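Structure provided below as structure tokens; questions to follow.
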């Protein structure tokens, strides 16, 4: 399994924010994006997830599909990734368990058929130390609790690629450790992860890419 | 000048999240709130700012008003503080300069009359390295740029007390340094600051209070 | 398919949780109809004459205005981003949400119309026909409305702008709905109008998700 | 005072920036009036008879629905928290925002009414009176509406729920507005109705900010 | 080899070409309209029922036709923009909308003015008139949506989608006279089976229609040229702001 980004050029409001970014990521390894504010980390992640169409260049993911009978050719990244952005994708009127149950059902893939939805939700709550809050509406949670709930989504359905935009925001150190462990476990299971962050994170094995702020271009 | 919190008991949805918190903060010094997710940092800050009425106990600020002719008696904390929460208070349809100009006019106090609004806005943009973005609508900014713009509000109008809830979220290291410097300058000018954070911040002189998660209470 | 059902279920659940979507739309519907006699005077003949038209228009407004935040609330909390990952195409996401809107709002509104008809002194014989046209016509209302909601995803004018964009598109539905109720065209005319109404609904169910999904995609950058 | 003016100015600026609040409210107003004849048939006598009532009710709806996010957009991005610090009491904040709404929506709607009256075949002699009642009555609409907007600050149903809460409160305004226009009460009756309308507006300008500010405070925890 | 449309679609080529033909089209429009007005007022006979007021027709009908034709053009441009992503198609769609709205407005006003003497009222709510009014609202909706979004390229795409959705209204307007009772004249020129109108009136009508169409083309070209220039100026300004920013940021770091 391999993620290949070739000569990506990304634009925001007619301004280039990434010029000619290329990288390859192998299954089982991570990539850490760093760079000052406004250097294009979020933009790159959104482009990888397929929300933003690159001005030129391409992103492909190769060798997926053994599990669900695809031909093993390249496929859309959006279909095989988890995306956790600045916003959590959590409904404040639903309880923690309801939120996760919805995502578990909505996102589940053939690879998940081994475990029941309830089981996966329970496990994810457990990992992120949220079981005590399972039946509390998300609107009543603190910033960090809500963030953890957003991250628990990563574990309720299997996706080979994780795209995480500043995932440790609002997390206390204990929770940040939990997250790093979850990422490392995902990598050691052969998955891939791309993480934008301002803090050093102990993700292994991982390469780093440091973005710089782009100079003006006509 | 002195901030006095006495026997504060705070409740959220009928659950106590802070029990009997008392402290005194002198002008010229800071207070750093730490504690795991859900331990009540945001709740305490909102209570200090006056948004949340404490179940019992009181918060008073003493000795303000030399500058604007008050009697020097205690007064409402809400009237003399800057509050920067998880949300930035920034309108995405207005440019950076327009956002700050509004806050400068709205928040300005007699103490600010020495400097024109435009001047204060310019200075604040300068300090947070935002001048290049002055005429760009806030909706086009990256997470960190927007956060910096929210923080620049601290400098457009004078307030003796700063209440900051995880202010370094989304900031790169350079910007976090700028913020810490601004806080330290405010303290050395005799101001007070209370900062909730998960990261160690070099705020001086500052005491720390570490909150713990409350056990469930009937 | 299970993703589609999960989304449908969640939207229905939210519409119950979030302060009774249903109750609100119904309440609005009733209030508009109640205000009318205040504005028009209580001439019962006049009222019963304009009743079917008023009921249809109030239904359009109530349905439309409850559509306002169908997509934008999901956009603002990041849910839409996640819904767009995975194998279910955005067209199906739109379909599920519009369907949920029809079930949670369109059907109840149609079923309430007779009660309000009573208040407007509407001839009882007209009730079955009125309800039938509304049931057949409201899918078009929900699905066309979804296009409007998608187009205004990021606009801060929400509700009213949608109305401006979408009300013109409701005109055919309104015209044929009224034609069917008024029976001006005789029995065969009525059934023809019903057929056209059904065709309008079917067409919008099929085509609108594509337009709405296209609109969402360009705004998710 | 400068804080009040700054807030007023910002709100007016936003209402222009954010996609022409004005155009949208006006467009909605016109569309509702246009849909009516489609639903009611084209009998001009009928239309001119119900015109003043229809114009008033459509105005209420257009004004009301544009109020929907007056406070909630400020709440969602944290602005409201900041507005509540500083020396200006929350009551004044509410006042500034309601005033901005009246200027940016109430007045233009009142001024458009005659154009729509033309299309509903309304007697030209009635126009000045109609506009006058609307200008005098709309402050009540904006300020009472602000209470509704404040009460629904955190509700996800926004627009419709406000309508439900506030429309009943508009009944006196509507009744006296209609009484003044219809001149049913003779000339002296008309001016009495106008006076009452003015009193209603004044009272709401004075009292509503307190209710709205109280509603905001309990929700800002 | 490029096709003709491809060559025309190049903005620079378009500027050159439109620059050179614009005066000719504008001139032709003026001449044809002048001739049409002469025919309408001095040559064509007064209507045997309506007398002189019937001459409003020579303005009313071309405006009404253009109101619909321009919408079709907007929709086609929108399609071209969405499918081929060509900026010129967007420029065309954007600039045609206000013009179309203006023609629709004129059709409404002239129709109302004509209605007063013939039907005894400025306005009736029959299917034809209402549907033209609805078309006017569609135009307004396109303008409102575009102005409600700050990001220009986003606004273009969204309005294009709306324009395509709105095209379903055109047949309804065109055939509105055929269903339901209406006061308005059924189509007598653009109809299956050929025109049923007298040639003495048909000729001036067609001449006026041609003149109005030429006028629309001229105004549209002019508006497109303005829009292209505006976009170029904006791009230059942006680039300058960018440069200033970049140097400032470099200095700050």
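Note that the chains take the letters A, B, C, D and E in the order they are written out, and that residue 1 is the start of every chain.
Just so it is clear, a residue touches a chain if its C-beta (ideal position, glycine included) is under 8 Å from a C-beta of that chain, and two chains touch if they have at least 3 such contacts.
For each chain, UniProt lists the protein as follows: C, D = Heme exporter protein B.
Just so you know, these numbers come straight off a predicted model, no measurement behind them.
> Within the chain touch network, how many edges lie on the shortest path between chain D and chain E?
Minimum step count, chain D to chain E: 1.
> Ranked by contacting C-beta pairs, which pair of chains comes out on top?
Top-ranked chain pair by contacting C-beta pairs: C-D.
> Which chain maximises the distance between its CA centroid and that of chain B?
The chain farthest from chain B, judged by C-alpha centres, is E.
> Roughly how far is chain C from chain D, centre to centre by C-alpha average, rounded to an integer in Å?
It comes to 25 Å between the two C-alpha centres.
> Report the inter-chain centroid distance for chain B and chain D in whole angstrom, where each centroid is the mean of the CA atoms.
So the centroids are 36 Å from each other.
> Where the centres are mean C-alpha positions, what is the separation of chain A from chain B, in Å?
32
> If you look at chain A, which of its residues touch at least two other chains?
If we look for residues of chain A contacting two or more partner chains, we find 13, 86, 93.
> Specify, in ascending order, the residues of chain D that touch 2 or more different other chains.
Expected reply: 14, 18-20, 24, 27, 31, 38, 41, 76, 156.
> Identify all positions of chain E at which a residue touches two or more other chains, and write them in rising order.
130, 134, 137, 140-141, 144-145, 148-149, 245-246, 249 - these are the residues of chain E that touch more than one other chain.
> By the touch definition up top, name every chain pair that qualifies.
Once each pair is checked, the touching ones are A-B, A-C, A-E, B-D, B-E, C-D, C-E, D-E.
> If we count contacts the way the header does, which residues on chain E are in touch with chain B in the complex?
The contact residues of chain E facing chain B are 150, 241, 244-246, 248-249, 252-253.
> Along chain A, where are the residues that touch chain C in the complex?
My answer: residues 46, 49-53, 78-79, 81-83, 85-94, 98, 102-103, 105-109, 150, 153, 159.
> For chain E, which residues are in contact with chain C within the complex?
Result: residues 82, 127, 130-131, 134, 137-138, 140-141, 144-145, 148-149, 154, 157-158, 161-162, 164-166, 168-169, 172, 180 of chain E touch chain C.
> Of all residues in chain D, which touch chain B in the complex?
Against chain B, chain D makes touches at 2-3, 6-7, 10, 13-14, 17-18, 76-79, 81-88, 220-221.
> Can you tell me which positions in chain A touch chain B when the two form their complex?
12-13, 35-38, 42, 86, 140-145, 147-148, 166, 169-175, 198-199
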